[in-house]
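Here it is, the structure in full.
The letters A, B, C and D name the chains in turn, as written, and every chain counts its residues from 1.
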Amino acid sequence: MPHPTAAPPPGTPFVALAAVAKSFGAVRALRGVDLDVRSGECLGLAGHNGAGKSTLMQVLVGNVSPDEGRFTVQGEDVAGRLTVARARQAGIACVFQELSLCPNLSVLENARIRHASLKGFGWRGRAARLITRTLDEIFPGHGIAPQALVSDLPLGQRQMVEIASVFAQGDHEAPLRLVILDEPTSSLDNSVAAQLLAHVRRFVSAGGSVILISHILGEILSTCDRIAVMSDGRVVDLREAGAFTRASLVEAMGHVVSHEAGETLVSAEAGRRGAVVASATTPKGGSIRLEARRGEIVGLAGLAGHGQTSLLVLLHNAAQGRSRYAAVTGRVAFVAGDRQTDGVFPLWSIGGNVTVRSLSRLGRFGLVDPAREKRLAEEWRTRIKIRTPDMDDNILTLSGGNQQKALFARALGSDAEVILMDDPMRGVDIGTKQEVYALVRAEADKGRTFIWYTTEFDELKSCDHTYVFRSGRIVAELGRHELTEARVLQSSFEGEAA
Amino acid sequence: MTGALANPRLLRALLPPVSLILLLAVIFTIQPRAMSYLGLNLMLNLALPIALATIAQLCVIAVNDLDLSIGAFVSLVACIGATILPENPALGLAALAGCIAVYAALGALIHWRNLPAIVVTLGMSFVWLGAAVLLLPSPGGSAPAWLSAVVKLRTPAIPFAILASALLALLVHLFLMRSSLGVVLRGAGGNPQAVRRAGWSLLKTKMAMYALCGFFGCLSGLCLVGLTTSADANIALRYTLLSIAGVILGGGEFTGGRVSPIGAVIGALTLTLAGSLLTFLRISPDWQIGAQGAILILVLALRALVNRTERRAA
Amino acid sequence: DTSDKTIALSNNYAGNSWRQAMLKSWETITAKAVADGVVQSAEAFTTAENQATEQAAQIQNMILQGYSAIVINSASPTALNGAVKEACDAGIIVVSFDGIVTEPCAWRVAVDFKKMGSGQLDYLAQRYPDGGNLLEIRGLAGTSVDTEIHEGIAAGVSAHPNFKVVSEVQGDWTQTVAQKSVAGVLPSLPEVVGVVTQGGDGFGAAEAFKAAGRPTPTIILGNRDDELRWWKEQKDANGYETMSVSIAPGVSTLAFWVAQQILDGQEVPKDLVVPFLSIDQAGLEKALENTEAGGVANVEYSLDDAKKVIEAAKAGG
Amino acid sequence: MPQAFSFIGAGLIFAATLAFTGGAGGGQILSTALTFATMYVIVGLGQMFVITTGPGNVDLSIPATIALAGAVAMTVMGGEDGSIALGLLAALGTGVAVGCFNYALIRLLQIPPIIATLSASFLVQSSAIAYGRGLRVRPPPAFADFATGRVMGVPYLAIATLLLSVLMAVLLHRTVYGRSVAAIGQNSRAAHLAGIRVDRVRFLTYVLSAVLAGLCGAVLAGFSGGSSLNMGEEYLLASIAVVVVGGSSVSGGQSNVSGLWGASLFLYLLVTMLNTFGVGAGLRYLLTGLIIIAIITLAGGPRAGRA
């Protein structure tokens, strides 16, 4: 347990920002932010995709130096002089939105990268103990070996490792005072996310500070002491958490208050009638066969990393006629959740990333028509609200959530009849989510089939049929009316004790 | 054993040594005389400079770059070793140290200006070659006696080349794969942004890796000139390709900081032996060069088997 | 009696017509020698890469294989010395030719490359008593053959001071490279009367002059069939005159016989000299007749030729 | 614009050469430069596609393919003007065969491309030796005339290669295949999941590279009065050099055709300049290297990208 030593009395500001601004070329990512973080509090940060949250955090840890504004740490002005090393000296550390682990190193070696003090004789043992201790503390029952190579871990476990290596308190290190968590739960399943949030409360009650960025309003509301809402590079609202309700928070973010996911989006038809367009069994065996019919939204549930993504990839390969386990009729498209490894083409523009799946349709005389390409990109920019001045900008200039939207646009804009979604809402803001849910339902009604892996229970409510995974097998099959959180959880964990 | 077969990573790590052993077995059956101290020594002593060059290349590949100049550099070092070093040891050593400094500066330049390493090292290959030709316009020179004595050392029981290769593999493995500094250096190849965000200087890691490359390049050149006793400006140009092939053969990858020093040394030995096998076979002169390719392909076809099991396991 | 002896040829390069002819001559002569029971075997080995280190390894493997003698066309005069010494120490006879080795324990069947260079100037001096400008095409930088021929040419120029080498380009002994280098410098050159070469680059030079629209100077040729045929065409069309000189690929067979003689216990001096093969205006037709289409003018040597060369060396030394 | 620098470099060097010669022979230098640049461009095009498919992809069998295809083309043509088309077809066919073989090694035997193409090149080189035994067959007169001919100082070859380059640029930027190559080069897993037939595209790419090498073999043989075993040797380094100096990214995914021309002219003019200056071999190598590094350093920028 990290015990921030010599913590000042709760309530005094640990860091304070005033009128901080930062531009990237034409994009004004921060337009004058005023914010303070007090010792012993968890500050929630919400806001639409591209509001500037991640950029603000990069400023706080010294990765990006602001163009203007004042920035003090414990009363000392550090604007423009903060480096990563100095920030860590001051006790500030960050779990970044895009994973910051070295995939070629093991878990304990990654801990070494984060903790410069792990060196000298016997450092491996110390690193392994440190990371295991922290993992045990935050995520009991995590099942991650310190010698495991990070590239072998599923996304959720990688996120756990990253969180643990930030919270880990090495022997001779400056005590950890402020931990920034930028969408830490986006690739964690609900039970693991709950473990993390509980740890955040413990850390805060011991005198530390946490900034929690999330698009899942429930967890912000339940975990944070105060909540700041950002919009277009400014903090537009800042209140005690108790002063927000879900509805008022959504409103503060500039979205229309909408209903819980799924509930009103239920399509009129019920029962499984259409023709089967995709079917698969898991290669690890198991008696339940996945079936998806035309016009259906099929959910894949279960804890993260239990074979859902592999099954989606299997279905994808089957459409190219290369699988023994799965059969798909019709064209497929894939919406990646792990966008860095499965989705984004980093050298291309946003437009190029959107249209890549549709190029063969955009041709004339066998050549890709740039005008039609541009039209498709622009169409989806407005339909799914990608925040960018220009679709010709590089994809990496987009915020995480907006990159995800571009990947959505890639699939939805294609001619695919079956769309495979690999937990695609990671990092997408709540307003957009609602719109995408509606879009998915509308497309399903037009006859498209969606196979949707998600780690959020609420999203399963949009599904017509749900399969629960455990250890690479399908262990339960739930119709819309049988679906309850308890049943999903029960199937996910069943037999775990045995 | 089934456990090992089920673990693709282990299987992959075993691949280079298994290839080497198979190749040795074939050679021993064709030419039993090779199975002796003298035989191993004759077959493998020229593998040592290749192994050193391979390790040099590995240092650069570990940070996602490629050194197209290592062959020319080794040639230059050999020329220095056969000309300046015997006459004026202090000047010779200073020249070698200067070369290593140039390597470190290259790393800095590549990082600072964000240059493609392959172009810079391509340019450097001409620079090194030019320097070698200026230093030694016509083949000649002679290596210092102590150098030849060192590399031709007759160690008891196991030939020097094997001992030295094993020691090299072990030391580099300990440094790069096990030490806390090595982790940071490899991390800079795996995810440079993450390493930078954790507060490390990418400039320093790059300079360190390039300097190491220069250092092992120097050892390779000295070892080579010790064995051949005199130098030639074109002597090691092919080491560029051999060293890259050795790293890859040993299980390394071009990007992502995934390298294996032990594998790389074994890869270098395998490449050398693949050449030896040819001398023991009787093949029509027309097809001898092709046979060299065929041997390489056969050795590598093992990978296909492993990948098949890997896919089955997945 | 050498009927139980085994001889190996260690060759570093097979990538041009000269080397192919060399290997072919070796095969023809040794096949007969083996059939006649003169030696037990005589195999040829070529390294995949033209690289001294690989050839050194090859020689070490030959030591292991237990050959009685190794005949070497070497990638480098010095870089093989370590391996050659080991072979000598193992009691193996080592004979080098064309690309010779400097290790004292080995025999050398050498061509006087210097003389090959200066001879070109002697010829040109006789053709152009008033001298003139020359273009020199060099071989592969950093090799000894290149240096020696170049030194010969330089010596020739100082012997005939009215000649001047106005440009020196690198041809890497590859016709396409030579053609490219010559084409590159031609626009900036004054008139040249002659092109001095190291063999095999003549046709490329002629093409470059033609492409530049300049009069063809006297280009010293290198015995390649295409050069000779071009010469013949020019000679028939406008009486073009030149000379052609190169080392005969069949020198490998001479080296073979020398090795056989040494194995037979004959006393053979370490340094033997073979004349290079030169073709003059009068001999052109005959040479063309005897040269395989697309090949190189060649002579193969017999045991008697070898004995004569050895006797001459003994007399000279 | 990474490709701009190669052109600027070429221009500077040309100017330096002219300054040395006092302006003499400028037109002729350019004209020869165009001729010799075409060979680099032809093989560079193929190598560029291969390099674009991502790190580790490189075709080392180009020199051997040039030698084999040149020999095959010349033998099939047999010096007859009537068989030129057949000979060219044979050269391209040789390329297809080599490309298929390369990719079979890469795909079926899972050998890393750099070693696969190196091993294949040994086999191809042996085939060339066994096929032609190094004997030089003369090209048909019409073919040789085409290869060396010019119209108003501009070589036919350069015009033909320019057309080929335009075709390849269209292929690269405007077709599904070209875009797929770039996508695979950036992230082959993502490309696969975006519906791109990764294997098929890579296969075509290796075949394309070998076919262009085959074409170069035939043209080179026609140009230099017959094929020879070593005529491809210089293209191992040159094909890679023109691609990278031309501004294509070696880590894949990004390439441009015009840069190939800039780089080819640059490298040729550089050699010409140093030859004209009469610099000795050692210094010539040294300067070549330093100038390449200087040009690329000027072209490079400080680090960019999201923090």
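Some notes on this structure:
Heads up, the rule we're going with is that contacts are C-beta pairs under 8 Å (C-beta built on N, C-alpha and C of every residue); 3 or more make two chains touch, one makes a residue touch a chain.
Just so we're on the same page, UniProt names per chain: A = Sugar ABC transporter ATP-binding protein; B, D = ABC transporter permease.
Predicted model only: the values in this text are computed from it and were never measured.
Compared with subunit A, the chain whose C-alpha mean position is the greatest distance off is C.
More C-beta pairs touch across one of A-B and B-D than the other; that pair is B-D. Subunit A and subunit D (ABC transporter permease) have Cα centroids separated by 45 Å. Between the Cα centres of subunit B (ABC transporter permease) and subunit D (ABC transporter permease) there is a gap of 28 Å. With each centre defined as the average position of its C-alpha atoms, the distance from subunit C to subunit D (ABC transporter permease) rounds to 31 Å.
In subunit A, 63 are the positions where the chain touches two or more neighbouring chains simultaneously.
Residue positions of subunit D (ABC transporter permease) with contacts to 2 or more other chains are 122, 125, 129, 133, 249, 281-282, 284-285. Multi-chain contact residues of subunit C, defined as those touching 2 or more other chains: 14, 48, 141-142.
You'll find the chains touch as A-B, A-D, B-C, B-D, C-D.
Listing the residues of subunit B (ABC transporter permease) that touch subunit D (ABC transporter permease) in their complex gives 64, 66, 68, 109, 112-116, 118-120, 122-135, 137, 241, 244-245, 248-249, 253-255, 286-294, 296-297, 300-301, 303-304, 307. Across the complex, subunit A is touched by residues 170, 174-176, 179, 182-183, 186-187, 189-197, 249, 253-254, 305-307 of subunit D (ABC transporter permease).
Of all the residues in subunit D (ABC transporter permease), the ones that touch subunit B (ABC transporter permease) in their complex are 55-56, 60, 105, 108-112, 114-116, 118-127, 129-130, 133, 237, 240-241, 244-245, 249-251, 281-293, 296-297, 300-304.
Against subunit C, the residues of subunit B (ABC transporter permease) that register as touching in their complex are 31, 33-34, 38-39, 42-43, 45-46, 49-50, 132-133, 136-141, 148, 224, 227-239, 272, 275-276, 278-280, 282, 285, 288-289, 292-293. Remark: subunit B (ABC transporter permease) residues 9, 178, 180-181, 183-184, 186-187, 189-191, 193-200, 256-258 touch subunit A in the complex.
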